[in-house]
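Below is the structure I would like to discuss, written out as structure tokens.
Letters A, B, C, D and E name the chains as they come in the text, with residue numbers starting at 1 for each one.
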Amino acid sequence: MTDLLFIVFAGLALLCGFLTVANPFTRSPVASALFLVLTMVWLSGLFVLLHAFFIAAVQILVYAGAVMVLFLFVIMMLDLREEERRQWNRFGVAAGLIAVAGLLGITVLTVVRSGISGETEATLEGTTPLLGTALFTQYLLPFEIVSVVLLVAMVGVILLSKRELK
Amino acid sequence: MKPETLAWIILVLPLLSAAVITLFTRRQPGLSARISVGAVALAFVASILLVLGYGRLHLGPGEMLLTSVSWLEVGGLSVDLGLRLDAMSNLMLLMVTGVGLMIHLYSRGYMEGDPGYSRFFASLSLFMFSMLGIVLAANFVMMFLFWELVGVSSYLLIGFWHERASAADAAKKAFLTNRLGDFGFLLGIIMVWSALGTVDFLDIQRALTVNPAALGVGASLAGVLIFLGAMGKSAQFPLHVWLPDAMEGPTPVSALIHAATMVAAGVYMLARSFVVFNVPSAWPGGLDFLHGVTALDVIAWIGGVTSLLAALMAVQQSDIKRILAYSTLSQLGYMVMAVGCAKPDAGMFHLLTHAFFKALLFLGAGSIIHALHHEQNIWKMGGLKSRLPVTYWTFLVGTLALCGVPPFSGFYSKDGILAAAETRPLLFALGLLVAGLTAFYMFRLVFVALRGVPRDAQVTHAHEPGPTMLWPLRLLALASVLAGFWGMEGVLQGVFGRATHDSHGGWLATALAPFGHAPLAAMMGLFATGFGFALAWSLYGSGPAHDPLPEKLGVVARWMRDKFYFDELYAVLIRVTHDALAGLADWADRWLVAGFLVRGTHGTMDVFGRVLRLVQTGNLQTYAFAAALGLAVVMWLMLM
Amino acid sequence: MSPLLWILLLPLLTAAALVLVPRTYSFVIRTATLVCTAMVALIALGLMGDFDAAPVLEGGYRWVQRIPWVPSLGISLSVGVDGINLGLVVMGALVAFCAACVSNEIKERTKEYYVLLLVMTGGILGAFVSLDLFFLYFFHELALVPTFIMIGVWGRGERRGYAAFQITLYLTLGALIALIGLIALYLQSGARTFDLVELTQYLAANPMPVARQVFIFPWLLFGLGILVSLWPFHTWAPIGYGSAPTATAMLHAGVLKKFGLYALLKVAIPLLPEGAKVWLPWAAWLCLGNILYCGWVAMRQRDLNLLIGNSSVAHVGFVFLGLASLTWVGVTGAVVVMVAHGFLAALSFALSGWLHGQSRSLDMTKMGGLLKQLPFVGAVMIMAMFAGCGLPGFGNFVGEMLVLFGGWNSDLVICGGWVPMRWFVAAAAWGALVVAAVYMLRAVRTMWHGPRAEGWASAADPVGLWRKLPFLVLLGSLLVTGIWPRVLTDRIAPGARVIVEGVGRSVPPPQLAAQRVP
Amino acid sequence: MNLSLLGPELVLIGLGLALLLADLVVPPDRRRYLGGAAAVLALALALYVLRGPGLAGEPAYAFGDRFVVDGLSGFFKAIFLTAGAVVLVLAVDWAHSQQQAVTEYFVLILFALAGMMLAASANDFTVMYVALELVTVTFYVLTSYQRNRVASLEAGVKYLILGALSSAFLVYGIALCYGASGTMHFREIAAKSAELADHRLFQLGMLMVFGGLAFKVALFPFQVWAPDVYEGSPAPTTAFLAIGSKGAGVVLLVRLFGNVAPELALKWEPLLMGVAGISILYGSLCAIPQRSLKRLLGYSSIANGGFVLIGIATASKAGSAAVLFYLAGYLFTVLAAFLVISMVVQRLETDDISALSGLHHRAPLLAAALALAMISLAGVPPLAGFFGKFLVLKALVDQGASFPAWYALAGVAIVGVVISFWYYFGVVRAMYWPESNGDLTTLPVPPLIQVALAVCVAGILALGLFPGTVWDAAVAAVAGLRL
Amino acid sequence: MHVGLEHYLLVSAALFALGLLGVILRRNLLVLYMGLELMLNAANLALVAFSRFQNNIQGQVMVFFIITVAAAEVSVGLALIVALYRKRQTAHVEDLTSLKF
């Protein structure tokens, strides 16, 4: 059952990921954004399979919810359609594909050759309290730093998009 | 005063004079001349005192006085600033200071009114200093040092009228040709030092007396190299080309430097270091084919060839000073030949006598030139006998001495050389031929320039110069006559440790001695001279307006006149060697090293930079791609 | 406080002080520079006089003083001299004074100029008094930047930009290569000190393996070789000197360029004797390139400064030959050439600078017959040119002679022995006696002799003793060293002996000991 | 847990917040003083850090040992704080000429500073990531701060995309490292680094982490952004990027390769050497034809990154200490350069090298300072840059005994330095050489800038003339590394 | 088939590659940015997978931070893109090449 779900979620996630970056039917950013949302959703499914329920929820809430809405919002605001007009640079595409394929190939080969799969068992359970404890004990420092990051982002966004400059 | 102190004084006086004139009295020509003349006069007096004092020391033959200060002391090389006083250097001292004094006196009149009067005397003093240094040098390095200084002072004097292109060129040529010789000289010195560990003449002599093979395999090569120095300074073939050109200098200079003293330095050096040449033949590997040839053989033949070539060239010259210059060349060849024939005493003897009569001849020529307002072409002279009587007669004395007519001094010294060559038939014949040629061209000069009728209007206005110029002529003429009997020969033979023949038989016996101990040489020499004179008489006695010889000899005469094209040959040689190499090096430097290598690297870097920064397209996807590709490559290299 | 520290610090402190002086006080600035350099020169001369009386401290050096700088790296500012350094220091100090004297040709931005001049002086002298490898490099580099700016700002000619960059880049390249060698020496010797004295002692007790020496030596040889314009790394020199203002050319060609040779002699050869034996035969080939090739190149030059520049490159060849000979006589001669050529190069450039100041051109084909008009400059330059072709009476002759004598007796094996060292000596002698004479005399002939050239009507000799002083000082130094060479050789020879013995060469070289007469 | 270890960071963040609040009450024409105050405080903090705990003694830990205060972090914090102080001074002057909010600029600088300092103390991948992101996100804003200038925006976007890309690599790398080691904690990884060094997954992860950090240091192959961003950003941002962001990358590289996985550094010797060499050559060569000063320094920063990496690649304490010294010298040098460039750009509104013509006349102080900076960057004694290069080369040559390829790298370094003379001296030429230039009016230099310049020049000279103290501090700072 | 760690990793690697491909190929800044998000998500997947299979919560903690930071980053990034668009009327990579060489 889990395996089947894995195959479904993983396959869909990859498919939607592919459609996000290289949709053969349209190059509309809206489509990309929507497929990205779908990818996020399937990924959160995978997280659930991995018993990372909190993360799965956050994934849906923050990513699919907040971040992607932001994306869509901006897309709508900017009214982007130009990319469709432009030609693909065949050489660039080929080179990009080769580079990415190389990276992927090396990563996959490394993963396969490293032989990490055989020994390990999926063991981590009951993760949300554990996560919370970790976050507020050992990882309090990054947690606080992140707050500063968010503050910076806030200040930055205001600075960058304030309409009038004083 | 001790003789050593006197010797130092003699050496330093002219230097002081040069320094004082250069630094202080440049603007007072009269004073400069007086200082210079005074210095050399004092030196002359000191030389006489020195010789007298030296005589009282009663040193045996081969013994000498030495005085030295350490000049340089590094490792195995120890060079003293040393003076060596023996019979030979004493004689040379007398000769150099004596002739020098005459010429200084003469110059006072001759150079009157020249804007560079002070400079002239400063240069003369410098020259005297250097020459005396050579004479007194006790070791090779010292000699080389003064040797070069002599070269410089001769450069300054030849190029005295440096605004004249020909004079400047002649000076340059003289110096450079001498440099070629010095190159060999220095290497020779180094070889001797390397073998014997010393550069001191006395030490070398001792070492070679104990073991004549001490110089090792390079013995003959070292000898030849050292001789190369003499070839330069004494203008031996093939380095003879500078001497005739050097006549561009003022005539007293020609007399002093290029007749009496400087050119004699080569011969003096050969005599001084004779012991180095007089060793068994030994050549380093690669030069084995010269096996059996000694350095002396080379010297003798070079001397012989020089004397013949020069005499031939002299036959067809029309410039009075050039004729004398070639004559000097020829006589120097004679002297060198004598050294080569293992009779350095004979060479030295001729050197001394030659100094007097050649100086006399040059001064006589100077007097003529002076009288004719710097006209030097003998075909524009003639009939000077009556107008310049003192000059004429003294000139005649010089000619006779040069030709070797008894009882003039040249006879004795030349006889010694011919006698030395007796054992080598070829050289002997050569010597006789030269003797005949000498008489021919000298009397040609006398007949054309001095006797006969004036060929140029200017001659009619000619008159004798003042006493400052005439007295030196008279004194030198006296010396030219007397030098032969003086007993110098015996003294010199003593220096080289050979038995002196009977010099106790009164003046007549001395005067006729040559006929006694080398009758063949004396008779044949006289005969050759007479033949030459007769030939000259027949051709020029009648006072022709043009030289009849070119018609008779045709192309040969032209060759003689054009000095057998040595100058042209050297011009070509220099062009194909050094100038070509310089051009090549310059080209390589400009295009290969500075251009291709340096500018090329510079340009390549620049191009690299310009090309490489095209990576920065400004498009951030290119950057992302570059990063991804770079990372992929790195991963591939590190993990695969 | 060691007097050497004064020599080193006086120019630098004066420079620092001058930075604070307003730029309009140019008289004060110039006077301060002159006084400072004169004092340095006097101190140096005083040391020369006191040399025999001064106590010999560690390693044969005198007036040694050590100030720790970075102890953890074994770097200390240590100064001290033996005869070899002292000769160079005296030469450098005199040249610096003369360079300051001739600097009155500079009319613009005098403050910057004199500050840079003093920094350059301090750097140069510092390099010669330092007994620490690090500071050796440090001071040399310190002197380099002023060169660049001086050529660029006060230089002459269209090509001065190119020249300034070329000289800087080239010398930096050489210095860095040498620096790698120095660091390798420091690290791989195991002594972990940059102190020359300690390093020498340490290496004498624990020699480095031969392979390591052979590896490190070329870094030093070629790095320093670039610094001294070893063929074929020489092209920066003529162009650079041709474009530099007079004082810079004097200091650089005269003094700074000797640094590489000095370092080779005092550092590379004694510390890496085995490496030296392997590599010096190759250097002997290159020095032929200097002596003959650059001599020939000089024959073709039309510009006086290029001629002098090439000739100065050629002279470096003699020093190299002397060093390569590894004989006592040869090494001593090399140092004498270094000192004498320092004076000579400075004198030549001072004179050409004067000529340039008179006419703004140094094209020899446009000169002629100038001796009448410029008797003083002409006479001095003719003497300088004679010195340049190795005429006795000038210091160069002594040095070149010693180099040739030493080279002849060297037992250096070149190319497996089929090319004897003696051929090199013969060729070098040819270069010194013949080639040099050819280009020098040709130059004299074109410039000074012959008919008067056009366009020189306004040219004049320096007037007054003050203006003539730099020329006279340099000429006098050349003459003193030439006439009484023991003033140098007696001080240099012991140092040279130590070096040659350290390399394991027998010291009295001639094959047959002379039975000298007492 | 000892919260006081975080003192400087907390003070900075608090200061940032305080400034944000103060902005509300301080009138616009006085807001510059806020920056000045921040600068003074940063300088004071720098002094505090230099005297604070951990610099010389035993390392101190906080937050479950995920935060460490040791010599390394202390040294870098001092560098960051000094840089921050000078950049703030620069920003005060720069902001004066902007018609834009200024306090936020100071605040962002302070936050970035805090991020760098946290990164220096990070002892855990998570902390490291978050701290780095704080720096990066802040710089997104700082680079594009002049949003009325297209160049600034373009620089911001480029930095954004490429920064995010490098973050992605970093994160993925962290993930892999975590997967291989089972922990995020540096100390735990270090405990099994010997076996991990042979673990392929760990290697892959570390390669990606290296990539992410290489972006910060502007090392090949992540160097391409630097010139564009340097050119487009406001001058104070560029200065801070050049020293601060680079420093954050360097300190993490030193910690990772020196403390966490030294075995990997040894194993990857050829990689690090190659990257260093290529970076040096790339930066040097591309800088040759450059006319824009800021862009020139961008390329130069790539080359300098290469030199720094040499020190890391030696995998020796000497090398790491050399890196520290090098950066200390680089700090003053680059800041001096940017102080001058910022002045010139503001006054002349171009950063073309030719604009410097006649500067020695118009502003001798600026010209002298820039010349000193350039000469120091080129590596000429007696300036800081020289001793830094010397130390790096020394560390390099020390490795040569065991692996001759190091000498090849030495050759590359030499070529790089020689080429760098070319372009650095080109700047000197532009200022000093006589060129006909009509405009010779005097450029005023504000007193604050003069003080900052004086500090930088003093630093350049002091580090060159008396490097002993800093060198000993650097040696002490790396004493704890497991090299 | 038993789904193990390596399968999650392979999916994550593929996602990562897809994201990278988007960054390299897509010209629209927004889509490009989506590619970056994809890459981060791939990392998240790997982290969670490791976390589960290593019996260690640290991975998930990291993911938490990544998501937070990503959100902040995205907001700043989008604001930047908007600002750029306002100025240049484009969000196209090829129009952003004024800084080059």
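Note that contacts are C-beta pairs under 8 Å (C-beta built on N, C-alpha and C of every residue); 3 or more make two chains touch, one makes a residue touch a chain.
In this text, all values refer to a predicted model and were calculated from it rather than measured experimentally.
Chain C has its Cα centroid nearest to the centroid of all protein Cα atoms in the structure.
Ranked by the number of C-beta pairs in contact, the top chain pair here is A-E. The chain with its C-alpha centre at the largest distance from the centre of subunit B is A. Rounded to a whole number, the gap between the C-alpha centres of subunit B and subunit D is 76 angstrom. Subunit C and subunit D have Cα centroids lying 42 Å from one another.
Here the CA centre of subunit A is 100 Å from the CA centre of subunit B.
One simple way to say how far apart two chains are is to compare their mean CA positions; for subunit A and subunit C this gives 69 Å. With touch defined as above, residues shared between interfaces to two or more other chains in subunit E number as follows: 5, 9, 16, 19-20, 23-25, 27, 32-33, 49, 54, 56, 58, 61, 65, 69, 72-73, 76, 80-81, 83, 94, 96, 98-100. Residue positions 613, 616, 618, 620-621, 624-625, 628-629, 631, 633, 635, 639 of subunit B each touch two or more of the other chains. For subunit C, the set of residues that touch two or more other chains is empty. The full set of touching chain pairs reads A-B, A-D, A-E, B-C, B-D, B-E, C-D, D-E.
Within the complex formed with subunit A, the residues of subunit D that make contact are 6, 13, 20, 28, 62-64, 66-67, 99-101, 104, 107-108, 111, 114-115, 118, 124, 126-127, 129-131, 133-134, 137-138, 140-141, 144-145, 147-148, 179-180, 199-201, 203-204.
Considering their complex, residues 69-73, 108, 112, 134, 137-139, 141-142, 144-145, 148-149, 152-153, 161, 164-165, 168-169, 172-173, 176-177, 179-180, 183-184, 186-188, 212 of subunit C touch subunit D. On the subunit B side of its complex with subunit D, the touching residues are 605-606, 608-610, 612-613, 615-616, 618, 620, 622-624, 626-627, 629-631, 633-635, 637-639. Across the complex, subunit B meets subunit A through its residues 621, 625, 628-629, 631-633, 635-636, 639-640.
The residues of subunit E lying in touch with subunit D in their complex are 5, 9, 12, 16, 19-20, 23, 29, 32-33, 36, 39-40, 42-43, 46-47, 49-50, 54, 56, 58-59, 61-62, 65-66, 69, 72-73, 76-77, 80-81, 83-84, 87-88, 96, 98-100.
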